[in-house]
């Protein structure tokens, strides 16, 4: 039986590793594409994963300081996904 | 405490913002405010220069934070001289811009002009190296706007390259600053001087690279070969008043070299000793040669002047690179000369451009232009100055530099390049002048079909087409030339001033003391609390340490 | 009269002709004459003192630091030359008054002439070699203007440029020489230099100085091999040729050799260089002169020849030679000037200077004939004319001169030259005036008005007077010679006399005159031989050299500055790598002082992603949209890295800026091609790749080096951490640094942003006002477009999200002083909120509902920040000094009020305004023809069931109705 | 009266959301926070009123709460289901298909919520809307019967939304 | 003490669940074979993944810090924006014909994305002859 | 960790330089952006790398990372954003004028153009 505090640390390590792997897999999708649709999707995923990472960072360091950063990532990730999509759909993203 | 030091920075900035906010739709009001601002700037600059002329070094702590923790401005002889030179140039060029109507050919000319001045003034006055970067960026971005003022594909194309090149330069500047901070842990120039000296000579690679990277940054600004490539097209394509004002921008680079490499990395410093001495003089000479070869090799009058700027910067750096008192005071004399001469030439070339219309500035004959004799005479005068022929200040400057180079090991090469490139410049300028101004008479004569040259009566002095007399433009040009004459006639007192300035540069202790150890500053008294607030809240901030910081952290 | 005034008068007077030309030619010429006359009188007023044995001086400091002072002195030599310059100047002015035609700009001419005169007087009266150089170059410049005076003549322009180039080159060389002399002696004062013969001649730099100074003299005085410019300067109006190219300017080199004679002469170097050059020049000029058909060209080569003669005399280094030189300078000035004037008269009257079209003029122009004959005979060296006397002295001197071994060489060559000299002199008389009168002159010639013949007549009177009564001139010559010798040699005993008995010189003279007559008799066959002989044409060679130089300059200039940014950037990179590498490898370093941090799994993944994305970007950069997507990913990783390395503010800033940048780039990409063509060859790619990798390796190494070392001294940021709360009232130290410790940086930074927006706006205006406008309006999208510009879901979401995001922006602004955030990030967040609205319903729709001018927001932001800074002045503090305190408004808890917040508000506004103005500008570019602002927020709205498609009628109705009622009640 | 209210409180619901958001941001419910949040909650909708010209009529809070709970539950289940499918099912075994959902809803806000709900819940993504807004295009990751999916959407979500909004 | 242990276990569980869901999202992104299928994985799994992590963060804050509900805001944000992002990406997929063509809408002409603007004069996207 | 960081700076620098050497303005601008990333990271690192010590003052905490480089990088990010925006629009203007987005100017001396 693993000690509970050890379990917590392990969970953190696991979470970091899983997120790192998730990011790398998304990165692979970005590289292989094949279409720009997939790449936008990969970017969108990576932004969400990055938010997860920042949250993890906050938990690991026991601080709330990164909260606004995560919030802004969420806002801006959305805006950039829409911007790329609008570019493909309409060319002019703010027409 | 005097707030005058900061006026050359804040006044143009506030004025520019005011013009953007309030009078951007009123061209005439913009002009009035712009001129009034520059005139005030000139008065303030003269006051500062006068104040510094007895060797006083004035320091200004922004935000009342002591150096090296906050940013300081420092007014010594060198910086105030540059500020004054900028103000003088700015006024004359502004008159030209208004007279020629250049300011109306695009939007926001006056705001950008004021911001440009703010950047230049800040760069001359700041005593903090990162703040210098910020002011470089201010003056650069304003220069981008001014350079592409009124648009046009050719100008935009040149502008793209100009901006891209300077983006590389700015990147390099940041690399250098990062290295300097990583090595010394400070950004204040006076503080740097002390800390660089502390660096262990056995572990000096970092600071050496930093010193060289920084020098390269300034070399870009100063258009020293082989980092001058941004200059020809951007100066040639820039609107004339802008190009004329840009005359001072290359000097910002030279100023920064003078400042940093006498204060922070002086030539006798062991850590960085013998570092740039090896190649700065050769590259300065290469720049001089390349510039003057360009004067001969170009096919366009605008580019010709641009190349002469490169040449004159090479000449200037030849003097600076010696890092001797004689060399640097010669360089300072040459700075003033070259700034005024460059500006005059760009403005005169614009008069030619305006007269030639569609014929442009390509070096070839065209029909005589209105007021051609007058413009030719002005060009001749300015070209004499630029080529360093007597009797104008270019010659005096050249003699000073030649005389100073006698002390360097490379004296013969230096002399050969200086004199040889002078000759090339003479040939280039005379060729251009005779093509642009004299050959038009032949064209006119051929048009009149006179068989024998000496009988080409009609061709000798054609009645020039009537045109508006460009009063403001001529005022500006003649003003610049008159200043050149004054610079020549008063060479004695001027060089005495420059020698004293050089002495101040070579004995930086008063500078460092003025910045780091200012007299009459009581650092124990903390000014950063308004008395009212402290009184209203006796348990408030005054006595706080960081232990109860969380209380106020809400919003 | 002070020497200053004598020198200054012509310069000051130069202003008058140009101004007075309006008052008429007579006034103009009269004024010029009066100026010269006054200067001459002023000069002569100093004669008594001079004759008393004093050296007249005038000194004023100009640039004492350099030793360049306006010191003037007049000794015999100076007085002699100055009188010559001013005296002949008077004659030239009188002559030119008649010579110049009504269509010549006389004011301009006399202005240049007086400038030249002043410069010449300056040269001969200078007591400071640097000042002398000033005047020296001024003669080059003024003569450039005078030679090119007839701007319509290509020969004039070319001649002027050639003269300027050659004499300018000499002048530049002389600068070097004079500076060396000054360095040797320790003073640039001529009177001091002249005292130091031994010092100078013993110095190792004597020879370079000598060569450099002689280069100046030879070019100015048209000595071989620089003689070729002088004939081409003959394109100038004849008064110019007479003045500059016979009497004065070309004598400046001679003058200087005479001036420096005491210190430079007497060495083998001096002797061989000067004598040889003089002798060659003398012979060459004489031979070529004979075969020239243009009167002025003949005279020009004759001048070259005579200058060679004088040079040779100075070169011998003997006192007698110097005396002969002085005497010949005087004589040559008189007869040659007169001859040029007669040539001008003939040209003026007969409208040709071609000897082949002349002849028999003696009956038509008797006065001219007499003048020309006397002067030409003097030139030929016929007794009773002054030329004979000095030529005899020269021939005498040659017999004592031994060059390169054989003692007959110099006399023989001299006789040979003298023979040709006599021949061309006779030709000038014979082929122009004698012989058959012709009926095919271009115009029927006759004697000119008195104004034109009186000046040369006056000179011929001198020719005869000196020729017959040499004792009149002898005291002056001896006086001047004494000045030349300057104590370096004693004045020779010899006297100037018509008859010295049968000397070798006399025999040589007889041979020369007889031979000259024979040569002229054989002229026809000789000219055929001459013209069939191939010989180098100096002008062609010179022009070829210049053209080659220009081509070389063009090749260098265009090769280096070829407009290729790619090349510039490559050179930039290599230069930096080289310089930094030099600094690195000449420095020393010791082992790292810090231990490396362990690598965390997430850091490794981040590194892999960053490197992977970057490489992928490089590989796929030609797909521009893909490149932008990858850029966003790199930005994302960098932001996360900032957060990871304890920089939450940076993470937030980086990601916000990233998104705004991407939006701007996407807006731009809409106009640009979607693909970058592959243009570089594999070799170029490899080259670029190698440079890039070297740069990257250098960056890696340097970064690693710095990261592994501790600070040498504690950093200043310890103070910031310590005082952020106490002195700055905030716990977010980064923000306190930004708005307080280094608020001035931030002030500059928001100005940069504001300027950026203004530039973008101004450029958009310029584009829309220019030829690009039509193209923009009629642009066809370059790819298929989808329907549904403003999707329902997005619009609905934005209605809720934008206010929330605005609130987040306000929150981030307010907390920035104590926690991550601040005005800058808040500005970007709010800007992005507005961008969301733009993306939902379109720019036009959103802008119609929003009327804050973005210019105003920028201006207000900068003013707010600046005024906050200025506010500190009123409490007696420095710009940007902050103040803060804690306020409690019951019943709320206390909160902080800081002036830094007002500054941050300025930052906020400037950032917001700048971003929005930039977006607005892009959007204006994107507006195509017939694109109207939509009436509705969303394209498809089922609740708007029976509303027809967007139509103009509805549009108008909608506009007139209550704005915003875009849905029927249902 | 309504007009007066609209002129200073255009979107009471939005104001409520904003006050809650402010309290969440400030991380506490103190008097100062609430007062300040309310001020902002009133000012911001006023400043942005032009962008949301017309709000839907008032919504019954109880029904909204029920709807939210259902959706949250569905999301939890959906995620597990989708995760299971993603991890276990081979691509060719997935019966992914398009589903068209004819709409009875007309209020844009309601349609948007429906579309969002579809995307957030089991194996379905709202892909598009028909050109006049009467139909949603939904993509199902693994569905034997598109009609069943459509019916479930209509009965489980659209019906409730129609009750809330119309 | 046991309370803290319990909380740590809860946090650990939330962390593991959240991380797993995010990983599954990325696995799906990589594994699934058509753009529309791929769209399902990350937009769903990632939202719940971040949600669980945020829940862990909240619990952590309440247990060891000042307590915080801010995370709800991020969660709300992601939940609200994810469908819109998905909608746009799906539109891109449809527009670019990346998946099987959608069926005709039963009661309208076509799907809005496919309602490509025509180029007839007077229409917003129509070019104008110069 | 330091080596990872340093090599990341190096990779960004190399990629940035490579793109700067391309022939069209668009990749060149991307290249300058990459260089900006590189230099911002470098400048950031001049305070040395620290994990878990953001410079936000908290009671009882004494370990903070160096805040000054962060402030400098913030300034640098903002400035380079302004610069990028300007160069994008200038390059766009040049492209719209000539329908050519080459970064190299074939006729800087204008002789060919006029000939």
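Residue numbering begins at 1 within each chain, and the chains themselves are lettered A, B, C, D, E and F in the order written.
The definition used in the following text is that a residue touches a chain if its C-beta (ideal position, glycine included) is under 8 Å from a C-beta of that chain, and two chains touch if they have at least 3 such contacts.
Please read these numbers as outputs of a predicted model, since none were measured by experiment.
The chains that touch subunit E as well as subunit F are A, C. Counting only chains that touch, the fewest steps needed to get from subunit D to subunit E is 1. Of all chains, C has its CA centroid at the greatest distance from the CA centroid of subunit D. By count of C-beta pairs in contact, C-D exceeds the other of the chain pairs A-F and C-D. Innermost chain of the displayed assembly, by C-alpha centre distance to the whole-protein C-alpha centre, is B.
Ranking every chain by how far its Cα centroid lies from the centroid of subunit A, the top place goes to C. Each chain gets one centre point, the mean of its Cα atoms, and the points for subunit B and subunit E are 54 Å apart.
As a whole-number value, the distance joining the C-alpha centres of subunit C and subunit E reads 65 Å. For this pair, subunit A with subunit B, the centres built from the Cα atoms lie 48 Å apart. Once the centre of each chain is set as its mean CA position, subunit C and subunit F turn out to be 36 Å apart.
For subunit D, residues that reach two or more other chains under the stated contact definition are 21, 25-27, 32, 115-116, 126, 129, 131-134.
Residues of subunit B in contact with two or more other chains: 130, 134, 137, 141, 144-145, 148, 151-152, 156, 160-161, 164, 168, 175, 178-179, 181-182, 187, 232-233, 298-299, 546, 549-550, 554-555. Counting only residues that touch two or more partner chains, subunit F has 20, 28-29, 38, 40, 42, 45-48, 52, 54, 56-58, 68, 75, 79, 82-84, 86, 90-91, 93, 97, 103, 105, 108-109. In the complex of the two chains, the subunit F residues touching subunit C come out as 1-24, 26-30, 33-34, 37-38, 40-42, 44-58, 64-68, 70-71, 73-75, 77-79, 81-86, 88-93, 95-97, 101, 103-109. Across the interface of their complex, subunit D is touched by residues 787-788, 791-793, 795-800, 802-804, 806-808, 810-811, 837, 841, 846, 849-850, 891-893, 895, 937-938, 940-943, 945, 963-967, 970 of subunit C. Within the complex, the subunit E residues that touch subunit C are 80-81, 83-84, 87-88, 91, 94-95, 112-117, 119, 121-122, 124-130. Taken together, the subunit D residues at the contact with subunit C in this complex read 14, 17-18, 21-22, 25-26, 30-32, 35, 40-41, 44-45, 47-54, 103, 105-109, 111-112, 115-116, 126, 129, 131-134. Partner subunit E is touched in their complex by these residues of subunit C: 774, 777-781, 784-789, 791, 793-794, 797, 800-801, 928-932, 939-940.
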